[in-house]
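Two complexes, one shared chain (subunit A), two partners (subunit B, subunit C).
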Partner chain A sequence: MFFDSDLLMSALRALTPILLASLGGAICERAGVFNIGLEGMMLMGCFTAVATSWFTGSPWLGVLAAALASAVYSLILAVGAVTLRGDAVVLGIALNLLAVGLTSFLLRTVFGVQGTFDDPSLAGLPLVGGFSPLAYLAWAAVGVAALMLSRHVWGLRLRGVGEAPDAAATLGVSPVRYQYGAVLVSGVLCGLAGAQLALGNVTLFSENMTAGRGWIAVVAVMLGRALPLGVLLAALLFGLSEAAGFRLQGLGLPQQATDAAPYVVTLGALFLTTARRRRRTPSTSPSAGAVS
Partner chain B sequence: MPRRSRRTLPMAAMTVLLVAGATACNAAAKDDASSDASAGSASFTLVTPDAVGQNEFLKLAVTGVKAAAKAHNGTEKVFESTDAASQQQNVQAAVDAKPDVVVLVGFEFADLVAQQAAAHPKQQFLMIDACTTRAIDNVSCGVFREHEGVFLAGAEAGLLSESGKVGAVDVLDTPVFRRFSDPFAAGAQHVAAKTETGTRFVGGQSPFDDSARAKEQANDLLSKGYDQLMAAAAAGNYGVFEAAKAKGAFAYGVDVNQCPSAPGTVVDNVIKRTDIAVEKGVEQVLGGQTGTTTSYGLKEGGISLTGLEKGVDSSQCVIAEHPDVLKKIEALRDQIVSGELTVDDPAAVG
Partner chain C sequence: MTPPPSADPETPAVELRGITKRFPGTLANDAVDLTVRRGEIHALMGENGAGKSTLMSVLYGMERPDAGSVRIDGREVVFSDPGDAMAAGLGMVHQSFKLFDSLTVAENVVYAAEPRRFGLVDRGAARRRVRELAEEHGLAVDPDARVGDLPVGLRQRVEILKLLHRGARTLILDEPTAVLTPGEADALFAVLKSLAAQGRTVILVTHKLREVLEGSDNVTVLRDGHVVARLVTAETSAAEIAAAMTGRAVELDRVHSAGTPGDVILDVTDLATDGVRDVRLTVRAGEIVGIAGVAGNGQSELVEALAGLRPVTSGRVALLGDDITHASATERRAQGLAYVPEDRHAVGTAPAASVADNLAMGHHRTSLSARGLLPPAAVRGHARRLIERFGIKAVSPEVPGSSLSGGNLQKLLIGRELAHDAPLLLVEQPTRGVDIGAVQNIHDQLIAYRDAGHAVLLVSAELSEIRGLADRVLVMYEGRVTAAYEKAEADERTLGLAMAGGAGGSAPVTQVAPVEVGD
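Moving on to the complex of A and B:
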């Protein structure tokens, strides 16, 4: 059988890091900060999680440290894009490049190895019902983020800051404070995503181990129109198409074709969603500005 | 080949730029690198692409160059690189020192060597585990026939498999990387004709680094009952080991002894004896046979399995518990060495 529980489990495991990172990206997007540094923030989380777990013996401290480290790292984007009004795209790319170099350098200096740090006694996250606890946290975070954005006063103000910062400012809402908050939250979520990847999906650190997941998260933000539930669906689509791609190889499809599966699915989904949006009146949908 | 985990495209592009810059400088340098092997004491300089550290592949290269120096009553120097920039500097420094042979290990040096060899036609170069894209008179190469070792690992898997299904997680679906998967299946079927085989290729955006993806592909094979997995996925190997360990299955490593990564899970490894390739390559160059490419396989001792080498008992490899299997593998190796049995090379032209 093609679709069985193994395939679903594989898809859900692939989903978790992408979901956490893209939730962070979505929150930034709604606050008006285009965050494409998710990949780099995640990679910082991976390294911090592994290093902390290794030296303290506790994967939980690793998770905590990863969230903190990525939040601190995300301050580069916050200061650069919000305070100094720099280009968030350039800053995001810088974050991604810096993270690859910095973690490789730290891997060499802290662990004295190159490429991969892996040790049988490195403590990973326990599994609860087949998933790491961070997977449940990610699903819960979708609900929390959706409620906060749509119902809570913070969410309303955040969206206001994203759509009309000047109007928000005249109403006494500080755009700077909300944008800082959004970037920091995305840092925390990316740190958790990194910890999930390095202590949950696998238990090791290797250079550039995020392998493009942060970029997939950026696409998930766009595809999901920066809505928490939309982002969840987009990330799920990626997870499923990746897992299905592996399985298709087993049926004899060449790797080059199955590699394309997530991208074909993305293009298809983008095409369908934009076509549907076009058909409706092209008026003031709340996230239209955020998506473009 | 799967050892080349961390090279990304930007790095390659950077190397190319550096090479271009380097040659611009070198054009001015005069090329009077003379080899005076006749003087009795020979000198060798080894340039490594990474720090040697715990990298067994490079440690063996150092052993090889030391042995060559000892055999020729000469001296050796080792220049360890850490990145593309220091690779370039080290090659330059090695050429400036004018040793009898500059030994370089790894594909990273292909472009650098081609440039330097043209600028210094009297300097002899020996490349290991890679070669320049076109043949150059003063560049000799030593490459490996990995498929022979992978075939033996496959035979081990065929003998040890309980489910009758053996598979491989490979980096990319290209002829060169298929050397790590197709012969594995062939080896298993050679000893157990009914063995089912399957391969998954990691692929994706960075196939060499993505251990989480490699682990999921291993899981896909394991969920179908495969119980012996060849891991040829560079950094992804660790993901394959984790997946196999969780399901109580077994895996096979490459290049170096990877058994300590997952004791009780990794059965054996297809290893490259860089020391042998360096020693024999140096002999050839000093003997005047230059500009040739030599391939090293089981016969030359350039490819082997951890289980067939000394120290298997302390290797933490599962195969150490199966001396009966090793006996059969030794017999197979002898057949390949004698030419009685040939292993198909997926990367062969035509």
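Moving on to the complex of A and C:
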């Protein structure tokens, strides 16, 4: 049977990095910062996790360092988009490109190798009950984020900032502070996502190893309408398609074709949601905005 | 909630002394004094650019004055942001509301001052708080409604509730009635009066004379950054305030005499388009037909359909006897139509283009074109003639349209369209946001155009404008013409009722038979 509990288990394992990153993206989105730098932040997390685990021998320190490093890296977006009011899309793309170059460069200077660093003595994360500890953390984070966003004072203020920063400012809530907070949280979550990818899913670092997962996380934010539970469902869809890709490989399909599965699903999902949104929004009348 | 216990009732709620604020190139406020007694409704008036907004920004902590002091309840204060002002008991309702559309009324009201339980927003308490405040002040609104779904009048209530929840003792309202129906405006003033009776203070920033006369206790008038008059409302008149605002005598709310209608120029039969249905109207040469209605009841869509900017779904439009129902905007103009759209910045003009180019637009196809080319001398000459004829104040014809004041940009737009001498003029909101002085000029131009034998279809949300100019008045409500009046019947109360849907309007009204309006 093609769809069975094994497939679901491997889907759940595959989705952890995407889920963590897209939660970060969702929080940014709600705060009004369009974060497409998730990929780059994740990649920084991957490298930092591997390097720290290798030099300290502790994958836990690797996780911690990855979270910190990505948070610091995310400050580029916060300063650029929030303080300097730059274009968040341009900054996000810059973050992604810079991360590829920077981690490849560091791979060469720190480990003296090109392409992939892989060593049997590199300590990865242990499995607890069949899952990485970070997987449990990711699931818990969905609940916490959902509760915080919908019910906590901070969540209400964050949503207000994202929707109408001027209005929030007139009530004494600093949009800058909340947007910095959101970007930093997304940095931490992307760092954890990177650590999970490099010390959990596999135990190695290779150049550009995120391979578009950060972009898929961006799509998950859109599909899930920046709601934590929506993002969870979207991430599950991508996890399933990734797991199904592996399964198809086992059935003899070429790897290049099966690796494309998550991206095909992404395209399909984007197409479906845009089509649905089109239908729902009637052509806006030019005068609709002029009711002042 | 209550005035501070220590305060002597004679201490002014707000006292501004010698406020001076310079911006590069302008002196926005020059040693302005403003004293507002506790429990009064104080109107702050002035034309655009007189310094009202700057003064309120200084009071509310959004701008630092270059000189002068602010006293609240007798204590000198220095605000570095609106948060400080709010903490001192001030609250401001901005002209463009500062609300979160996707959040509920209760969430908007308690935002940043939330009742909490374990760090979470206590929604039950928030809801109860909104109900209590709403009941206490006669501001009924459903706490669970999404603000984005509410009509403008209710959104304004949410803004006021927000301030009351924070314990504001002094409320500043910036042009609060700009978006309200006459009925909603009356309801607002009832609320403001009851707030004042409780000892709260209201500062009303407005340019509408009528509501100042009816709703305020005292008036301070600014002109060019100076206080030019301090008046007790009961002892003044609209003419005196207007003269103070403009610096000269102004004839207000002039009702022009009726025109002498001739042949039918525009004939619309059973027209339907998005948000508009069953519209039947005619406009004759030598008359102005006014369309009254609260913004958003289909007037804009109707005019766009007539101008050729919006497809007609059914019905027939005839201009000078020719069917133009499906003609393009260009064809309609060639046939004899000129159009002044309501949004002069985005639709009516190109702000980045020069004054001369803006004046040439539309004329490029006809009088200015020389075998498809536009001779610069012709464009300049045309611009100079129009600038002179319509009294447009521009440094030169070469400056960009965006450098003109709102009133002058409007004169440019109206002048350009009048210069076509088209048999039919469609004109929307000709004086929105325009100073009193310029209003008079524009009205005179429209009347002169009518008297020259042209047909004018006028859409305006300003009742005094409709009453002053129109020979016949149609009222639009929910996409239909629900009432029609001759000039003499169209008093403010009747129109106001019809605009709020009071004319019933289950059946479309033919313009010939005026409809009885009852409560």
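Convention: the second predicted complex is superposed on the first by the 245 of 292 C-alpha atoms of A that agree within 3 Å, B and C clash if a C-alpha of one lies under 4 Å from a C-alpha of the other, contacts with A are read in each partner's own complex, and residues count from 1 in each chain.
By definition in this document, a residue touches a chain if its C-beta (ideal position, glycine included) is under 8 Å from a C-beta of that chain, and two chains touch if they have at least 3 such contacts.
As the structure is a computational prediction, the values presented were derived from the model and not from experiment.
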**Contacts of A:212 with subunit B and subunit C, given as first, second, both or neither** = first
**Asked** Hey, is it subunit B or subunit C that touches more of subunit A?
**Response** B
**Message:** If we overlay the two complexes on their shared chain A, which of subunit B and subunit C does A:20 touch? Say first, second, both or neither.
**Reply:** neither
**Prompt:** Where does A:244 make contact in the superposed view: on subunit B (first), on subunit C (second), on both, or on neither?
**Reply:** neither
**Request:** Scan A:120 for contacts with subunit B and subunit C and give back first, second, both or neither.
**Result:** first
**Request:** Applying the touch criterion given at the start, work out whether A:166 contacts subunit B, subunit C, both or neither, answering first, second, both or neither.
**Result:** second
**Request:** Determine, under the contact definition given at the top, whether A:12 touches first (subunit B), second (subunit C), both, or neither.
**Result:** neither
**Shared subunit A surface residues [contacts with subunit B and with subunit C]** = none
**Request:** Give every residue of subunit C touching subunit A within the complex, in rising order.
**Result:** 81-83, 86, 92, 94, 96, 98-103, 107, 111-114, 116, 119-121, 123, 152, 162, 178-179, 274-275, 295-296, 300-301, 304, 309-310, 342-343, 347
**Asked** For the complex, which residues does subunit A have touching subunit B?
**Response** 6, 10, 13-14, 17, 104, 108, 112-116, 118, 120, 197, 201-204, 206-209, 211-212, 215, 242-243, 246-247, 249-250, 254-256, 258-259
**Prompt:** Once bound in the complex, which stretches of subunit A touch subunit C?
**Reply:** 147, 151-153, 156-157, 159-160, 163-164, 166-173, 285-287, 290-292
**Item:** Parts of subunit B lying in touch with subunit A, wherever the complex brings them together
**Value:** 5-6, 8, 50-51, 53-55, 82, 172-173, 198-201, 203-206, 209-213, 215-217, 219-221, 223-224, 235, 238-239, 242, 260-263
